[in-house]
Amino acid sequence: MEPILTVERLSVTFDRYGQGLSRTGVSAIRELSLTVEPGRVTAVVGESGSGKSLLAHAIFHLLPGNARMEGTIFYDGAPLTARRAAELRGREISLIPQGVTYLDPMMKIGGQLRRGRRDVAARTRCREALERYGLGPEVEEMYPFELSGGMARRVLIASAVMDAPRLIVADEPTPGLDARAAKRILGHFRELAEEGAGVLFITHDLELACAAAHKILVFQEGRRVDEVPARCFQTGEGLTHPYSAALWRAMPRNWPEV
Amino acid sequence: MKHRLKFTARKLVRIALLLLGVSLAAFLLMDASPLDPLQTNVGQAALGSMSQEQAARLEEYWGMNTPPAERYLNWLRDALRGDFGTSLLYRRPVLEVIGQRISNSLGMLVCAWVLSGVLGVALGVLAGTRRGRWPDRLIRGGCLVVSSTPSFWLALLLLMIFSVWLKVLPIGFSAPVGTETAAVTLGERLRHALLPALTLSVTGAANIALHTREKVADVLDSDYILFARARGEAHIVCRHVLRGVALPALTLQFASVGELIGGSVLAEQVFSFPGLGQAAVAAGLGSDMPLLLGITVVTAALVFGGSLVADLLYGVVDPRIRRGEAKI
Amino acid sequence: MKNRRKSTLLLVIFAALALCLVALAGALMASGAGIADFTRKNLPPGWGHLFGTDWMGRDMLGRTLAGLSLSIRIGALTALLSGGLSLALGTACAVFGGWVDGCISWIVDLVMGIPHILLIILISVACGRGFWGVTLGVVLSHWTSLARLVREETLQLWQAPYIRMARQLGASQGEVFRKHLAPHLFPQFLTGVILQFPHAILHEASVTFLGFGLSPEQPAIGVILSESMGYLATGRWWLALFPGLSLVLVTALFAGVGERMRLLLAPASAQE
């Protein structure tokens, strides 16, 4: 299957001050390659601070000013330049961010989801997107601080599906949710993939990734160390790198019987 | 609503206590002054030619023989009834002098206040949204220079350029000398208030612009702007940045009342504008204690009033406070 | 890639040198600057007298330098004194808390309620004007904002887990202050003191200009500018232009250094 997103040898470096007057580059992502196929969920698993969020921001060309990016990203067969990304953002590619801080605290939910449009079509789409995730019309009139953690995350997912995107990048969308709520959110991702979108699911939780993804990439210190189908983590076979094998052994269900 | 009323009442009590403190502090400072009001006002020569009896009567008039604590309490009792004493320089009730002075400079001050706010926020947003590029460098550099410029020198500079060199604006006074107050046209008044207002708004705008720029930069670095951009939103500045900056800008604007009045003391001196600021200088130089005390208390009341308005507006505008309260 | 730390260091060295030079030159010229010579009065700026001369034939360059030197010295004195006051009261608030905190915070509010210039006038009148009047006025009106900053920073640090731990493990207050608080507070405090410099200088000049500060015999920028007011209408622009411009330059130098240091220390802009 032709991938919707191909990342080739992506590196992200930051300029930072060290001791005294020295100024050095710190690399956050090193020579990372991955593909996301339409209709499939690809999970990127790595511990906190391994540069996972930056991967999402790099795909959207939204890295901070002191970051430099190398390598190429292809979307739908053509290079995804900064300009093209700007055109595609919010139309074909959608981001599902981590939490409620990604919503404007001074603005009602409805207005934010509609992006300032007031026409009937936008209103209907907004209403439908919220309804799909079990949120009533009263949510449109709420401010972000009035949402519970689970509601906020469903609002963020609703915001992503309003425009029928072809690629969805979800950045740690589940922390702080209980297992049932998290499973439900993961179900939503599978559903979106079944509708034909490519989903890139970034998480630190291997078990969640196993439950939701077709393919799992293991990320360590900014590098990709392993790429395997999700079922490999069911049995532990086919894991090529010691780090992913260690991750597998660390999953509670693989703990040796005592 | 009940919560809001309680909050306002608490603030009002605090302001009343602070005003009491301000008046006491100002009174003590003036009491400690070694400058003799008798000498400053009557003059050494006149004092020398006066009879003992006359001098004693004058001393009595200025209350120099009563102990300070009693004088303060007397002043306080009268002040609470609305009598701030009589100005020694102008020989009229202090409140009347202050009222007239304020009415002279109110228009000018309000103009400067609004202009500095609008100019400051506009420049701050412009600089903050173009961080590191030339508009930002230019505005930041300009603000740095303006905030390093003494406002009285800026006033002198404007005076030199517009009144002496180009001769397009008058040198001073809120009205042409020798004209009846009633005969002064609005146009004349405007022409005379233009330069002081300009001085004050330029100085005030620099501070507001720098603060606004910082706030804009904070908002632009926030998660929700990243998400708005990831969703391909247009008009991010109008929709999100201005919304995020509005509240701090409003607070700053009301907090700047004190600086504005402070600046007016200098600007009015340079332009010989007969406003409150000039009266403060005259009162200080002439050891006119009742007037200086009155001006200090009234100014402090304006400053505290400004911060109270800012606090109340915050509650009305910020949904987190407005709705959060409703739930309690 | 530009290295802001390096350029800031260069700027600080340059500013320190320039200010020392001005302060020194002014102090040396102070005695000569007041000499009147009526054969050369009212000269516009030219090669002999770069800043021109006044109605008594005094060289304006010399007077300006002497005035700047005095400004810098008063600025340094007041910034240091008010800095010390803010540090003492700010930490007292944070460490003792309770009624001490309440009292000092109330005084901070009170001082902030009176516009600086008015408060300095009041204090200067209380001291009978002159050098100590204006110095005390500037010191007592400028400590509040830095004291608030110190109070908040110290409060935050005092509650920080590692300092609570150190205290529970039996470190004395002095030790905690020296080893843990001081290293964090110092850079912020230093920046605050440097940023007070320009305010102090400007307020000294303003109050002197109004007639509440240094006496007319002293070579102060405020005195020079106040005198120049009388000669503006006759077209002697140089009496006001150059002394004022020099004051702006000196103040901007301080403000620029303080601003750079603040940017380097603020987490939001440290890596820009």
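Order of writing sets the chain letters: A, B and C. Residues in each chain are counted from 1.
Going forward, a contact is a pair of C-beta atoms (placed from the backbone, for glycine too) under 8 Å apart; a residue touches a chain by one contact, two chains touch by 3 or more.
Remember, it's a predicted structure, so these values are computed and weren't measured experimentally.
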Leading chain pair when contacts are tallied as C-beta pairs: B-C
Report back the single chain whose CA centre is most distant from the CA centre of subunit C. A
Between subunit B and subunit C, tell me the centre distance in angstrom, where each centre is the average of that chain's C-alpha atoms. 22
What whole-Å value do you get for the distance between subunit A and subunit C if each is reduced to the mean of its CA atoms? 51
Set of subunit B residues in contact with two or more other chains: 132, 221
By the touch definition above, subunit C meets two or more other chains at residues 272
By the touch definition above, subunit A meets two or more other chains at residues 65
For subunit C, which residues are in contact with subunit A within the complex? 1, 3, 5-6, 9, 270-272
Quick check on the complex: what are the subunit A residues that touch subunit C? 14-17, 20-21, 23, 65-66
Would you pull the subunit A residues touching subunit B in the complex into a rising list? 57, 60, 62, 64-65, 86, 88-91, 94-95, 97-98, 101-107, 115-116, 143, 145-146, 159
Subunit B residues touching subunit C in their complex are 14, 17-18, 21-22, 25-26, 28-30, 32-35, 132, 144-145, 147-153, 156-157, 159-160, 164-165, 171, 217-218, 221, 258-259, 261-263, 265-266, 269-270, 280-281, 284-285, 287, 292, 295-296, 299-300, 303-304
For a test of understanding, state which residues of subunit B touch subunit A in their complex under the given definition. 131-132, 221-224, 226-235, 239-240, 243-244, 247, 318-320, 323-324
